[in-house]
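Once you've had a glance at the structure underneath, I'll fire off some questions.
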Amino acid sequence: MRPSGRQPDALRPVTFELEVNRYAEGSCLVRFGHTAVLCTASVEEQTPSWLRGSGKGWVTAEYGMLPRATHTRGEREAAKGKQSGRTQEIQRLIGRALRAVTDLTGFGERQIKIDCDVIQADGGTRTAAITGGWVALHLAFRHMQDLGALKRMPLTDHVAAISAGLCGGLPCLDLDYDEDSTAEADANFVLTGAGDLVEVQATAERGAFPRATLDRLLDLAAAGTGQLVALQKQVLGL
Amino acid sequence: MRPSGRQPDALRPVTFELEVNRYAEGSCLVRFGHTAVLCTASVEEQTPSWLRGSGKGWVTAEYGMLPRATHTRGEREAAKGKQSGRTQEIQRLIGRALRAVTDLTGFGERQIKIDCDVIQADGGTRTAAITGGWVALHLAFRHMQDLGALKRMPLTDHVAAISAGLCGGLPCLDLDYDEDSTAEADANFVLTGAGDLVEVQATAERGAFPRATLDRLLDLAAAGTGQLVALQKQVLGL
Amino acid sequence: MRPSGRQPDALRPVTFELEVNRYAEGSCLVRFGHTAVLCTASVEEQTPSWLRGSGKGWVTAEYGMLPRATHTRGEREAAKGKQSGRTQEIQRLIGRALRAVTDLTGFGERQIKIDCDVIQADGGTRTAAITGGWVALHLAFRHMQDLGALKRMPLTDHVAAISAGLCGGLPCLDLDYDEDSTAEADANFVLTGAGDLVEVQATAERGAFPRATLDRLLDLAAAGTGQLVALQKQVLGL
Amino acid sequence: MRPSGRQPDALRPVTFELEVNRYAEGSCLVRFGHTAVLCTASVEEQTPSWLRGSGKGWVTAEYGMLPRATHTRGEREAAKGKQSGRTQEIQRLIGRALRAVTDLTGFGERQIKIDCDVIQADGGTRTAAITGGWVALHLAFRHMQDLGALKRMPLTDHVAAISAGLCGGLPCLDLDYDEDSTAEADANFVLTGAGDLVEVQATAERGAFPRATLDRLLDLAAAGTGQLVALQKQVLGL
Amino acid sequence: MRPSGRQPDALRPVTFELEVNRYAEGSCLVRFGHTAVLCTASVEEQTPSWLRGSGKGWVTAEYGMLPRATHTRGEREAAKGKQSGRTQEIQRLIGRALRAVTDLTGFGERQIKIDCDVIQADGGTRTAAITGGWVALHLAFRHMQDLGALKRMPLTDHVAAISAGLCGGLPCLDLDYDEDSTAEADANFVLTGAGDLVEVQATAERGAFPRATLDRLLDLAAAGTGQLVALQKQVLGL
Amino acid sequence: MRPSGRQPDALRPVTFELEVNRYAEGSCLVRFGHTAVLCTASVEEQTPSWLRGSGKGWVTAEYGMLPRATHTRGEREAAKGKQSGRTQEIQRLIGRALRAVTDLTGFGERQIKIDCDVIQADGGTRTAAITGGWVALHLAFRHMQDLGALKRMPLTDHVAAISAGLCGGLPCLDLDYDEDSTAEADANFVLTGAGDLVEVQATAERGAFPRATLDRLLDLAAAGTGQLVALQKQVLGL
């Protein structure tokens, strides 16, 4: 039995609150249970210098956590004067995931910055950030279409992410903090709407795990991201 | 006439949403119109090293702004590797304001950190942060009382803050971004529930202003903080 | 009675030693009692990038303290690798004060940097820096006039600054370190030669203070800055 | 056909040169083709502060690249003043991989630091670092045994790592730089001597890839790490 | 003929103004012509951690330059966030020079910090700093003797420093900025009162120079430091 | 007798291994006994901004030490976030030494960066770096000649460096770590192939030393650099 009473293959309640920021071109407050991430998409009229003249745009992401998003207060990264290795790892992952389903030639020489700020953390912040970040990005592109700046939606597919792990020998989907901090193996999966893989990150937390475990976690994740994509469609009226 | 249609002495709609964070000992999302600041109070069981053995605790504050809190996206301070002078000025101000109404001998050798993170900015973020920070601090002390860790509330009074400025020759209360960016003079006032002054910061933005203007701005602020204190009482059931 | 034996409304002896630096376009060593600040004005032939093409120049300030300017040695900011919040607050204040009386369209697309370095500190370093910084700036403009680079003096008025505070219940002018560190309220005022306000910063150091106290401190400061402006005129032969 | 003429499932020539550093408790220069990584294991007589008194030791890793390890010179991280996100990601990965096969209760309250410095880079630096880092760690433990400081070898198994990717539609093992920079999918696998998984990191570089591809890459990696473990045994005389 | 009209072996006018800082245990404003360096000696009651329990004290130095000490304004190191390589080189040199004539067992487990801040620079700032730093250090020790904290003066000899260089083929003593910036060879010498060498730093600025040149520069420096030591004695009444 | 059994005027075994890096335009692994420094020369097609349009190129150097190059592991400078004063001093010295024998007008508006990374340290790392750096630079220029990018070799002479010191009263050449850490005086000399001086850095480590000692150390160094130059010629076939 999971601490939350959930079935092994059950997601936490997932919600998307759209356009929560009056300035951003697209924004979304995504919740996976008690985890809440504010995602904003900001359109800048200049592509990075290394893409100037290429006709291509760029999508990138930044990630942060409010100091008291966590059970005990963490030090503020701006005060420490640098972003942790974990923060950098996560923001690089979000950027790669979103670019995998974006046609970079499809929105001019612009840059879109996705800011994912964790308001409250209970496990799964990076998967919520990718899943909500895609919604914010979609809204920003739609906004550009409404303004006539784009003819076609440059997103080639959905992207969604979910964690899965081995908890007390049981493969489980969408770990919360209690499960995550005690799991024997912990994995994050990023999949497209078509069910293809964009990123797999699986880590043994105690010793190692057999290949069959990876297969089982991937089964759970494929089903879970399918549900997330359905929710993205529903909330965006697609 | 003000751009917002408000009377010169009118506050924007002010709301406090309590206990918005499930981990913080006290928390509050305060809104002054479109300005929204998330305030959390975190109780740490150790006073700063320079107070050890004194029997005193400490209250301090940190301030931050999400990158897209503003009309155009600002660079993330954690990514830049340092907090701006403006950020440091504001967080020092918040800390001083809250300590002015706190009995530092009244909650043991603990430290309370007030994090004020601006979710959306439309002028007046520092005044909202002080006013909401006091609510979060009050809730944290109440939480400690509920746990039996404190006998008496260590807050000696309310504290609230409001801006006022000279806009097109007209003294106005609680400037929004449009007014703030074009005002001839701009001031922030921090007052106690008893109506005494904790901090006055008045700046001429174009040339200088006569002493009578300062008097008039202070009249507005005294009335405005009075209303804010009444709202604090109402929302906390005091 | 004040520790120094001064009357409540008495300044410390104030002196300006002009052209103390053979390279700077204008320079001044200002002393308020034992406080000594070396102010230099450096003219750079380029306005900041955000003003290029506007026809406007810029005036900015930097502030520093020698490590042993103080009773006990402070750590060198260059060695620590960052300027403190206090340093940044003060240098922003100096810049605003000087720009308030400068016609930015009156000296071409140039930038003037005022460096205020505290050689010895005994309270009131920021007010001495503003008052002496104005003298250095005036000398730099005069130097440009002598070279034929300017037709008219771009300063529209004097600016001077002084502190006042509540010490043992007594409102006093121009606090030295002993008074400053024990005052119940502490304020800095920046006024023009015409007696208008450029900046007011008043802070309660213990609890709060009534509005009447602010009025009384402002009375003292208005008289004090009047004397400082008279001294500026005298030393510059205006 | 691969640019190097290798078969899809062929490793590059792999060599380990042992004890290349006269001071380190264990050291190894590992080469995967033209990629060369110098791995040293340094034993420190203190465990990290958060493990003091627990009876446990710790194993951690740092990673760096000489500026001209690469085709074009990269900026020196010490000169830039910070380690890149990529560097931090890799050194965290190396540390996790080695800890997965180390009994942290088996060598006292010590810390072992594995430094992996890339002398020359041609793809696969992180996999070479893990594979050679394990050899350096083994040598350091053996050195401690020789000194009588340890009774038993605290390593519970081998660990080795290899990359695999999809190049022009063909799943290939152990990509060199030319392949790595053009692959459609790119993965790194860390496996134990027993063939269990410690870490899987798979990334789509263009679009996404089907689950069957991941399976095929994992087949290649399992065979490849098997060969690497055999080489580790041979060179260490196990 | 030298630009200044000086003979090749002539020092610039050298003066020492003693006790210019009311807080420092010893202080001295030293001038070598237009070069002016403010030297303060601060006594701290704790030796560095690596000397605790050894019975030894330590002497160290820090060096800085005011931004407008130079012909054109230099960037403030505190604002840049780091000390230049040149600054670090010079402050390490000053510390070594002073420790060479200090009995570190002779003043208890204390640390003396010599701050050398260049008020105005016209060549020779490091040699002025060493020569004036010794005076400040002597005064600080004398101050400790006056307080009864020391029985004997822990300085074993004088130390003084001077530059010499090859200017248009002519060996010259004590270069000013004009000479220094065009010299073919440039050297700094630190000597004791007894005429022994503490430090020699000679650098070819264009090509290389014969050994005979070094000998001639050393002749000049030996005579020059002899004069500086005589001045140190005179000003201190030794 | 020296700890190593060497005669006072004997170098350690010195070897140069050429072209050890497949990407660098020139490279060399130089060993002075147990000291090993990897030197690479990287040709960049742009001169620094302050030389653009002058027709001149630039030669500069960077220096680093692997963490376990030393007896006990040193902290990684990239992890600390800054280069030590010692590192900066050494890399400035290497750059000056190489420029002294380079015709900066002789290789176009390019920049050549010499990276000197210490693989193992046993005293004399800076002298090995200069001596090996010259070889790497020569190879890079030869490479440019082979490509037809240069007509003439822009090096005007050899440059080599060696240490000498006073150990137990005995002047000795090329100190190893044991000698270096206990020497009474320690010097580094940089000489050209013609035997002229490029740089002299002599430091008293305990008290001071007479001028005759400097002469004797210089005698040793002149002979030692003569041998190093002969080895440079031999290994390069000059």
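Labels for the chains are A, B, C, D, E and F, by order of writing; each one numbers its residues from 1.
Everything below uses one rule, namely that contacts are C-beta pairs under 8 Å (C-beta built on N, C-alpha and C of every residue); 3 or more make two chains touch, one makes a residue touch a chain.
Treat the numbers as computed from the prediction; the structure is a model and nothing was measured.
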Reference interface A-D: repeating pair among A-B, B-C or C-E with over half of contacts shared: B-C
Interchain centroid distance [CA atoms averaged], chain E/chain F, Å: 28
Centre-to-centre distance between chain F and chain D (centres being mean Cα positions), rounded to whole Å: 33
Multi-partner residues of chain F (each touching 2 or more other chains): 81-82
Sequence of chains encountered when the ring is traversed from chain C in the direction of chain E: C, E, F, D, A, B
For the chain A and chain D complex, residues of the former touching the latter: 82, 85, 88-89, 91-92, 96, 100-101, 156-157, 187, 191-192, 194-204, 207-211, 213-214, 218, 222
Residues of chain A touching chain B in the complex: 21-24, 27, 34, 38, 40, 42, 44, 62, 64, 66-73, 76-83, 87, 113, 115, 117, 119-120
